[in-house]
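Next come the structures, one after another.
There are two complexes below, and they share chain A, which is joined by chain B in the first and by chain C in the second.
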Partner chain A sequence: MSSAFDYAPAPESRSVVDLAPSYGLFIDGEFTEGTGGGLRKTVSPATEEVLAEYTQGTAEDVDRAVQAARRAFEKWSALPGAERAKFLFRIARIIQERSRELAVLETLDNGKPIREARDADLPLVAAHFFYYAGWADKLGHAGFGPDPRPLGVAGQVIPWNFPLLMLAWKVAPALACGNTVVLKPAETTPLSALFFADICRQAGLPKGVVNIVTGDGSTGASLVAHPGIDKVAFTGSTEVGKAIARTVAGTDKKLTLELGGKAANIVFDDAPIDQAVEGIVNGIFFNQGHVCCAGSRLLVQESIQDELLDALKRRMATLRVGDPLDKNTDIGAINSAEQLARITELAAAGEAEGAERWSPSCELPGSGYWFAPTLFTGVTQAHRIAREEVFGPVLSVLTFRTPEEAVAKANNTPYGLSAGIWTEKGSRMLWMANQLRAGVIWSNTFNKFDPASPFGGYKESGFGREGGRHGLEAYLNV
Partner chain B sequence: MPTTVPAYGKEAAGRLASMADVTASDGALRRFLHGLPGVDAVGLQARAATLGTRSIKTTAKAYAIDLAISMIDLTTLEGADTPGKVRALCAKGVHPDPTDRTAPKVAAICVYPDMVGVAKEALGDSGIHVASVATAFPAGRAALPVKLADTRDAVAAGADEIDMVIDRGAFLSGRYLEVFEEIKAVKEACARPDGSAAHLKVIFETGELQTYDNVRRVSWLSMLAGADFIKTSTGKVAVNATPPVTLLMLEAVRDFRATTGVQVGVKPAGGIRTTKDAIKYLVMVNETLGEEWLTADWFRFGASSLLNDLLMQRQKLSTGRYSGPDYVTVD
Partner chain C sequence: MSDRLSVLKTYKLYVGGKFPRSESGRVYEVTDAKGRWLANAPLASRKDARDAVVAARKAFGGWSGATAYNRGQILYRVAEMLEGRREQFVAEVADAEGHSKAKAAAQVDAAIDRWVWYAGWSDKVAQIAGSSNPVAGPYFNLSAPEPTGVVAVVAPQDSSFLGLVSVLAPVIVTGNTAVVVAAERAPLPALSLAEVLATSDLPGGVVNLLSGRTTELAAPLAAHQDVNALDLTGADAESAKELETAAADNLKRVLRPPVARHRPSDEALRAAPSDAVDWTADPGTDRLLAFLETKTVWHPMGV
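== the complex of A and B ==
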């Protein structure tokens, strides 16, 4: 990094966010205290400062929320689609109006850089509500019969990596199709869901249509096990996803799971190198690598390995790690001490198994949870860092010699969420896309999202699709 | 990586000679240029846009504004130019802000060849260079002897820098070696009797070359032919300098230095009017090339109206108030 042109601190102001000391549960259109009386703390991962307390929802709280959602379902599902659309459009507009506040909040609670919260998360959140608002009165034309019916009450459990975006992915299609929801945000990032509850009130959404029950994993377990829900939607780890599948087995609940990934980002020797480097960086370091579809395995053709790695290291040296609220920060804080420990452990395993570790020199802040962007070369399919999901800013570099070998290595994983192909040759791009067993294939780009495009996995990355027309199916009785 | 020598230095020719095999024939040059990595337009534009979101404030902004002023090729290229107009511009270049003598001077005054003598005299020993466009600027549609005479005339009149235009027609029809040879010939015409030479900037007119692949190819072609600077545009067509095109050229000079050890400068020109825009370009230089390129020796802005906006922003930073266009000079 140049020393002459040092960027002065450019912090986004925190004052746009008005945080209460503690939050209750949002049930039946009101914030209420939990029945258990337990409170949890949510901290800023960048500073370990306690941001607020929130309620540990109990099984009884979950039951109240499900009953509220059940009561609301009758009227909500009977509304004409165009009327439901009005609420969704209203929510989308309020999100846009409050986007700066929500971006700062998301950055505070999650640790992601404000640049990403502002330029990626929030625009996508609003876009998702706008998109599904448009479907609400056109469900008869979605290819699921002339008058597809909603399922009922959806129990939704979302992760901490994109708290508000994952909420949007789940809530928007559910409401558009006429369902009501009980949503459990992640234990480390409950705040944006609680602010969303306020947006629902602001939009005049009927009581009980959206209920937010915060808490840890036990709250989520109570929700998915509740006999009163008709649909479970979960995004998170494969381990928890399997447990949910076991819970739901034998019931008539519909289930969609969006789980882990170990995506291959495949770079051929005819790739547009500079853009491929950007795509690799974006693929693994976007959101600190806390992305289920992250391109965590770089498969590079042997003939350009040295050239590409030199370019990649040069680019990594310019990444700005630090205060997530600084508008020039590229890589923020790791979301929790627990996640940091997991990343640290897997990176250590990478070294122990003989892979070569490299990070650019960068100064990490003294408090909070931080991990420098890291590259492992000399990785083989046998290494743990090539097989297990790190969910952090750690890239494993493997090589291949032929397109067939690239396909074989890319598919040689229990996951199948996403993949990237970098080549200027159209025929190879299409051939590769057909061979790869992954739900999303990006070509000459990575981590591009759009509400109109379905997203979901193969194999242990889950099933069901979110987004697009396909995303409606998960919330319709078809 | 080989040790770095400047493109205008004596050793550069030897370095370029090591690449002579790729320019030995039309076929060899074509194979080389077409073998350069492709450019993904969407990705390039996205990267330029992301760099454009950098937030440059307070001390960093003050640094960037002064740096940008010192990199300006303050330009007048009008049919209506007169000695009086050129002298006024020179005076402004020496002291851009009459109310604040701490404002840095610009890098060069850029004029048509017949105004070089006037500019040279007006600038005296200020240290500001005189840059002259040449080679039948802006279209470049003249016979080679005319272009060379145009160049020699400007050099003889005292030009420190020559801004030539390439033959876009020849490039677009694939006559790469012809373009290469023409640049080489102009470079030779930049030589002075005393053995020194005017620095050569090669203008691509990227708005006419259109594709990013063409921009990467013409960048390499020009650097192989001995360009000291590569420059986007004449400022005379609809599309002039853009951030993606400039970013691509920055990547080209970076890769060229990594291959040959020869350092070449970059000059975006045309359409850069605001401080905000200028800072975006400096951020691109900073994060693509680093501080080795962050001087007027290696990066220039071809601009006329940019200077006043930089001065107004400079006054705002030092006084805390916006001054307005009546507090900067119109020349």
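== the complex of A and C ==
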């Protein structure tokens, strides 16, 4: 596609990030060496450059961290809520102060466009700490009785798609309610959590209240199975979520799970097409589609299919794929070779099963992990790309004729995290919102998040809510 | 002295609004607290449990889609019907649990009042569990609770009627449908409750009642892929762990047995955790809120 103006690269400087060659574990307020798990490397998915080494936490390391959190719990939970609140407000402020640094770091380690790290992730991270800071001294008014108590030590395992934001979703409500935490960041994106440890130190947070143990899935498994924790919070795949649910069965650990999704984004014939196209693009290509609530199934009313797909393809042709640090970039790098292989395999299955594949012509960088934005038409409900979570920039298009058919197709999934509705008719929007079995419904918008707004799924997308007053329940003994 | 021979009742299951025998043709002897024969109750099978899930799923759309006002009216109607059959239930509870008439009457009265209490919750629960959320942008944002779906309930073993009502009413008042495994040794009050439910305008399939071996019936319900939630109140600690593990297969919401989790060392309580529950106490909102999903709807504001 020719354009009147050519883009000049506008790269964000990475000099604001000072990376150490290697990182230990943050336990009891100190960075310490691991006990024999060795070091792992974390790479920039955009270049495959090694950014730093970090520690593979062992079961012994997890135990040390849980003990530190347990020791810290008594004093932390006994602090007046107003004092805990001030620690969280401090953290929120420091995140704001260091947001440029953290955004660049997140982009380096995760591969997401700097525009998104800067404009979505980091503002939401700070806002989440601000929001829950304010709850710390108001818990008696939250509808859980006059004096709800914290649970104790929370074991938290988070994914790689929004590393620091998922940390905020877990840590802020846990601390506000008076719990202490042991957090295990994802294997491919440990750095922002380690930087957060430094923020905790700057904020003067008492030692042991936040502990960060890095490592792979085995480290997470040790954490959720540890008998000394009282709460497990996990965001990640449905498969791992089920394994965790089995692990905590028969214990008194409270569990919340935020898992996969296969959201329908439903466009009616009266929808504002241009807005809908923007919403579809944001729904599936935001964060390279590495979003559990991504609008990965486009359900379009048959009568406007051609018009909508033409407009969508035109818009997709303008998406810029490439250097995540370039402020022009819309779609960054796929987070890991492993994830790229999974997306590639599922897209191949889409073609093999008979769906028609389309991507705009775009040049992908020579090194790093990349996947062009991809559209599949002629998709049926039986196709794997209509049933399985791709977790990548791949959109499956299905059609419908009546609202009832749209509902039936949208709900025909074991998942139930989110859904989108595009229509100008208010009564139809409300009827649809009522019928869809999903925890978040975006109507005439998509992928909006806010600390005041509860987020979480129905069915196999997990249980419990994060955000809002509802998000407190996961960390209170109620 | 009349020598009229009384007419005995054949107790049956309650599935999909009908009263079938167990498809297995099996029954088991139910005795009173002193060991005297009371009736032959259906010994429901795994197939009966699966049939009950099908009925509960079929009823879910209509019941969850009914107005809260309508559901409240129907639960209140259950209380009205029970009041009219109070003496029958007093006798059955006295037999089942070995209580005096007076103590059994107190249980039945509390159960009737519990239906009234929960009936009133139908159109209020969304107002305590929902919220309008002040997001940082030009969006209307509202969170409201919705029923989870089909809930399998292992009813308390010790409190065959008040306990049963206390776990069943909060499940259905919010729009869920239920498959209930009645107290194994004392299923008769539950099976008689089915007759009340069937004459209270409650749509068939909203409540399905099974009698039989708790372990035999709970296992297929916990593993069933079309059950959304599991209430383990009447399960012993050991089987509760197995059932919760099976429930993870499709991520059922699980309400664990009471007390056992707080005092796992007490042998008697591990065997029957719900024995420690005082069913006459104020139930609070915990059970009401346990089987709800929060749905949050966003919409832009603009001209």
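By definition in this document, the second predicted complex is superposed on the first by the 473 of 478 C-alpha atoms of A that agree within 3 Å, B and C clash if a C-alpha of one lies under 4 Å from a C-alpha of the other, contacts with A are read in each partner's own complex, and residues count from 1 in each chain.
Just so it is clear, a contact is a pair of C-beta atoms (placed from the backbone, for glycine too) under 8 Å apart; a residue touches a chain by one contact, two chains touch by 3 or more.
Remember, predicted model here, so these are calculated numbers, not experimental data.
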Clash-or-fit label for the pair chain B, chain C on chain A: fit
Which of chain B and chain C A:279 touches, first, second, both or neither: first
Contacts of A:441 with chain B and chain C, given as first, second, both or neither: second
Chain B versus chain C as contact partner of A:115, first or second or both or neither: first
Of chain B and chain C, the chain that contacts the larger number of chain A residues: C
Which superposed partner A:135 touches (first chain B, second chain C, both, neither): neither
Partner chain in contact with A:459 - chain B first, chain C second, else both or neither: second
Spatial angle chain C-chain A-chain B, Cα centroids [nearest 10 degrees]: 120
Contacts of A:468 with chain B and chain C, given as first, second, both or neither: second
Which superposed partner A:429 touches (first chain B, second chain C, both, neither): second
Chain B versus chain C as contact partner of A:245, first or second or both or neither: second
Partner chain(s) touched by A:5 [first = chain B, second = chain C, both, neither]: first
After superposition on chain A, the shortest CA separation from chain B to chain C (Å): 5
Chain B/chain C common contact set on chain A: 444-445
Of all residues in chain A, those that touch chain B in their complex: 1-10, 115, 119, 270-275, 278-279, 318, 327-328, 424, 444-445
Residue numbers on chain A that touch chain C, as the complex places them: 127, 143, 238, 241-243, 245-246, 249-252, 257, 259, 414, 429, 433, 438-445, 448, 450, 452-456, 458-460, 462-463, 465, 468-470, 478
Sites on chain B touched by chain A in the complex: 37-40, 42-44, 46-47, 53-61, 63-64, 67, 251, 282, 286-287, 290-291, 294
Chain A-touching residues of chain C, taken from the complex the two chains share: 128, 131, 133-137, 139, 141, 143, 148, 228, 237, 240-242, 244-245, 247-251, 253-254, 256, 261-262, 264, 286, 293-300
